[in-house]
Amino acid sequence: MNHIKSIHSPACQIGLFAILVQGCALLVRNSYYLFVLNIVGINIIVVIGLNLLMGYAGQISLGHAAFYAIGAYLSAILTVTYGFPAWPTLFLALIITAGVAYVIGIPIMRLEGHYLVMATLGFGIILYIVLIQWDDVTGGPSGFAGIEPLHIGSLTFDSDRRFCYLIWPCVLLTLWGSLNLVRSRVGRGLMALRSDELVASCTGVNTEGYKVKVFVLSAVLASLAGSLYAHYIGFVSPGTFSFFYSIQVVTMVIVGGLGSLWGSVLGAALLTVLPEFLGIFQTYNVLMYGLVLMVVLVFFPEGLLPGLWFALQKTHRKHR
Amino acid sequence: MKEGKVILECCGLRKRFGGLMVLNNISFQVPTGKITALIGPNGAGKTTVLNAITGVFPLDEGNILFKGHSLNGLKSFKVVECGIARTFQNVRIFPDMTVLDNVMVGCHAKTRSGFIDALLHLPAMRREETAIRQCSIEVIERLGISEKDTLAGSLSLVGQKKVEIARALASRPELLMLDEPASGLSGDETRQLAEALIEIGQEGITILLIEHDMNLVMGISDHVVVLNYGEKIADGPPESVQKNDRVLAAYLGC
Amino acid sequence: MTTPAQLWQFLLSGLTTGSIYALIAIGFSVIHNATGIVNFAQGEFVMLGAMTMITFSRDLGLPMPAAFAASVLAVAAIGIGLERGPLRNARSRVVLILVMITVGASIFIRGVSMIIWGKMPLSLPPFSGDTPISFLSAAVMPQSLWIFGITLCAVIILHYFFKHTMLGKAMRAVAANRRAARLSGISVDRIVFFSFALSSALGGMAGIIITPITTMSYDAGVMLGLKGFSAAVLGGYGSMAGAIIGGLTLGVLETAGAGLLSSHYKDAIAFLVLLFVLFFRPAGFFGMTKVQRL
């Protein structure tokens, strides 16, 4: 009984996962594969944050690209144009994102269902327009270049392999924190809120406060991913942060299963890796995401991976 | 009625939904440590009183005092923090959570740890978590619920009603408000419920009971308030209410 | 300096785009009333209308009226396909899941359109020349007159349809109360089917008549859809009068904002209006707030 329990503890699961990733990173020699592995890591951070919002609090955001963009552009602009030091800027970006998310979260989180979808989408598009139009500051459509890589002491994360050692610890930390969160008093409150908002409130859950806080948390995670992305690639342009990115991350959450954090990890990995390696996906990228989103929601509303898992168990039981 | 202390006092409650006056100048008191029943024919406004007390919607007029403090304008979760817990007329548990989790949500009002504590898995939060678990298990056992790790949605109606009461008790309320707990229960189950309620009452928890089952009401309550079409038509000990002409008229429909 | 003449000009061109938003907004309302969901693919219908029209008239050489009818029908068929296909077969009936399915559908349509019609914006010739007509000291494109005319016709026909035909009345009944409508023998199924046909046809038509002025590209659907949605919200979601007034107001606000403040942020104006209305007056100008029942 005791050792079964320990396998279910977040720390242990994450340890195993870390070993797996470390193994991958060591085995892979090709730097393009490492690049993909890093992008997977960045996406996982955004997707986990979004899943906390969608899967636990039951609130959908189609504007998460905006928070990803705020992190990336703040890091880019403040370090390059104004010469701020990189790490403090990253934290400043997190704080600013938190502030922005808080201010818009208070009214946005009062909306329900499809109004929320539209409002977050609207917010995302406004920010995208600003990125393109405010070109003296953001570099406009052609983007913003010259962002230095991050470094700790004399260790500079300037190669694909070195960045691996920055991004994956961040991923593991995010995962650890999020697993802790969903298994706590707050996580139960969020689940109650998703299940029945009014009753949750009458049971003592501060539903409005929770919704805003989890919105802020997921925005902050997106911003963190954005800052890391900017320092990794060294260049940001609006195309990366368009409405389509918001759709991509939502699709990853849904493929992995609403409310399943490990599912999110798999969903993000699957949908980042597959298009990179199947050449046909380049032209069909948009189409594929639309199709995947639609088909998964039609046939496996609880998520593709959980859905397949249940189906597998069922056939297994039948065979016995 | 003047002797004991009063835990909840409703003064001149008014509420209208569109053109319908659902509560019209309702005033009554709930004595501390007793079982008070709120009865009345369908549509009398009983559930609406409960909703008004728990801040589900604002009142048009009137004042609700809990231990002398006004509850007006408080959000629902604040009301729970004050020490008032409730159940719902059509059982509303969290079906996709386990029984234990359902009850543990109930502990929300009396616990503190927030997002940061949870994210970082701080020791204070772990201690609190253990306490929550223990307290919930106690409540579950007390109500005789045997399966704590099954999904609450898969329980029978009786089981779900018990979970709902357990969830309410988990917030360690001073006032427990039950909206038709006996509806859908068999005679035996109703008797068990009555015993459980008396026991809860003996622990010093005040109960406000909405109920259509007159045997249950007259059997266990110390004080009865009768509503009809949004008006209070009677208020007093069960024996006197039973003989009240207006009550008889309302129930027999003449 | 802005002169009254300029303002008058803004008003006219604002009403032109506003008419388009109104048509899209009506489409949103019709589907919402029948099903309770927001059809996210509404903007895609607008784009598809324009694109199929381009194919029918430019590539297949059909005469204008025939191409117009064929495109509207084609888009209606796609709308019906969306309803009969993914939405009807969805395992979950949760409104939000259905809404997300329409999001998926809209991305899918966008991806397919990119492959069929390419990434470059396409255009259509105006229906009757492009010599501006002078109207009370403002220049009006003949196409604007077409837009006003067609929108007005559509609105009148819809009004008649909802007030005086059995099907229209049934649709209103379903909007007011699904359960009661079903119990009184209305086939909700048929209403849903028809709503999708109607609103996709309206969207397609809007796309066809606006393209000679604005051009159209495969990715314009989201923007148009969101603006139509903003218009619907502005006027009070679900009401036809609201959709029309919301659409026209939004069109004028947008053109005036672009002209008086900054044309760079023209597209942001609609969303600012949307956010503003949602935050401060979620029921719109004419809508009524609903009370949740326990």
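Going in written order, the chains are labelled A, B and C, and every chain counts its residues from 1.
Heads up, the rule we're going with is that a contact is a pair of C-beta atoms (placed from the backbone, for glycine too) under 8 Å apart; a residue touches a chain by one contact, two chains touch by 3 or more.
Note that the coordinates shown come from a computational prediction; the quantities given were computed from them, not determined experimentally.
A.B. asks: By mean C-alpha coordinates, which chain is most distant from chain A?
C.D. replies: B
A.B. asks: Looking only at C-beta pair counts, which chain-chain interface has the most contacts?
C.D. replies: A-C
A.B. asks: Quick one: report the Å distance separating chain B from chain C, using the average Cα coordinate of each chain.
C.D. replies: For chain B versus chain C, the centre distance works out to 48 Å.
A.B. asks: Just how far, in Å, is the C-alpha centre of chain C from the one of chain A?
C.D. replies: The answer is 32 Å.
A.B. asks: Need the CA-centroid distance for the pair chain A / chain B, whole Å please.
C.D. replies: 41
A.B. asks: Would you please write down the residue numbers of chain C that are in contact with two or more other chains?
C.D. replies: 294
A.B. asks: Which chain A residues reach two or more other chains?
C.D. replies: Touching at least two other chains: 198.
A.B. asks: For chain B, what residues touch not just one other chain but two or more?
C.D. replies: 56, 88
A.B. asks: Name, in rising order, each residue of chain C that touches chain A in their complex.
C.D. replies: 37-38, 40, 86, 89-92, 94-97, 99-101, 103-112, 114-115, 222-223, 226, 229-230, 233, 264-265, 267-268, 271-272, 274-275, 278-279, 282, 292, 294
A.B. asks: What part of chain A is in contact with chain C in the complex they form?
C.D. replies: Interface residues on the chain A side: 58, 60, 62, 107-108, 110-111, 113-115, 117-119, 121-123, 125-126, 129-130, 133, 198, 243-244, 247, 250-251, 254, 283-295, 297-301.
A.B. asks: Which residues of chain B touch chain A once you look at their complex with the stated criterion?
C.D. replies: 54, 56, 75-77, 79-81, 85-86, 88, 92, 94-97, 101, 104-111, 113-115, 117-121, 125, 128-129, 132, 167-168, 171
A.B. asks: Would you tell me which residues of chain A are touching chain B in their complex?
C.D. replies: 10, 176-178, 180-181, 184-189, 191-192, 195-196, 198-208, 213-214, 217
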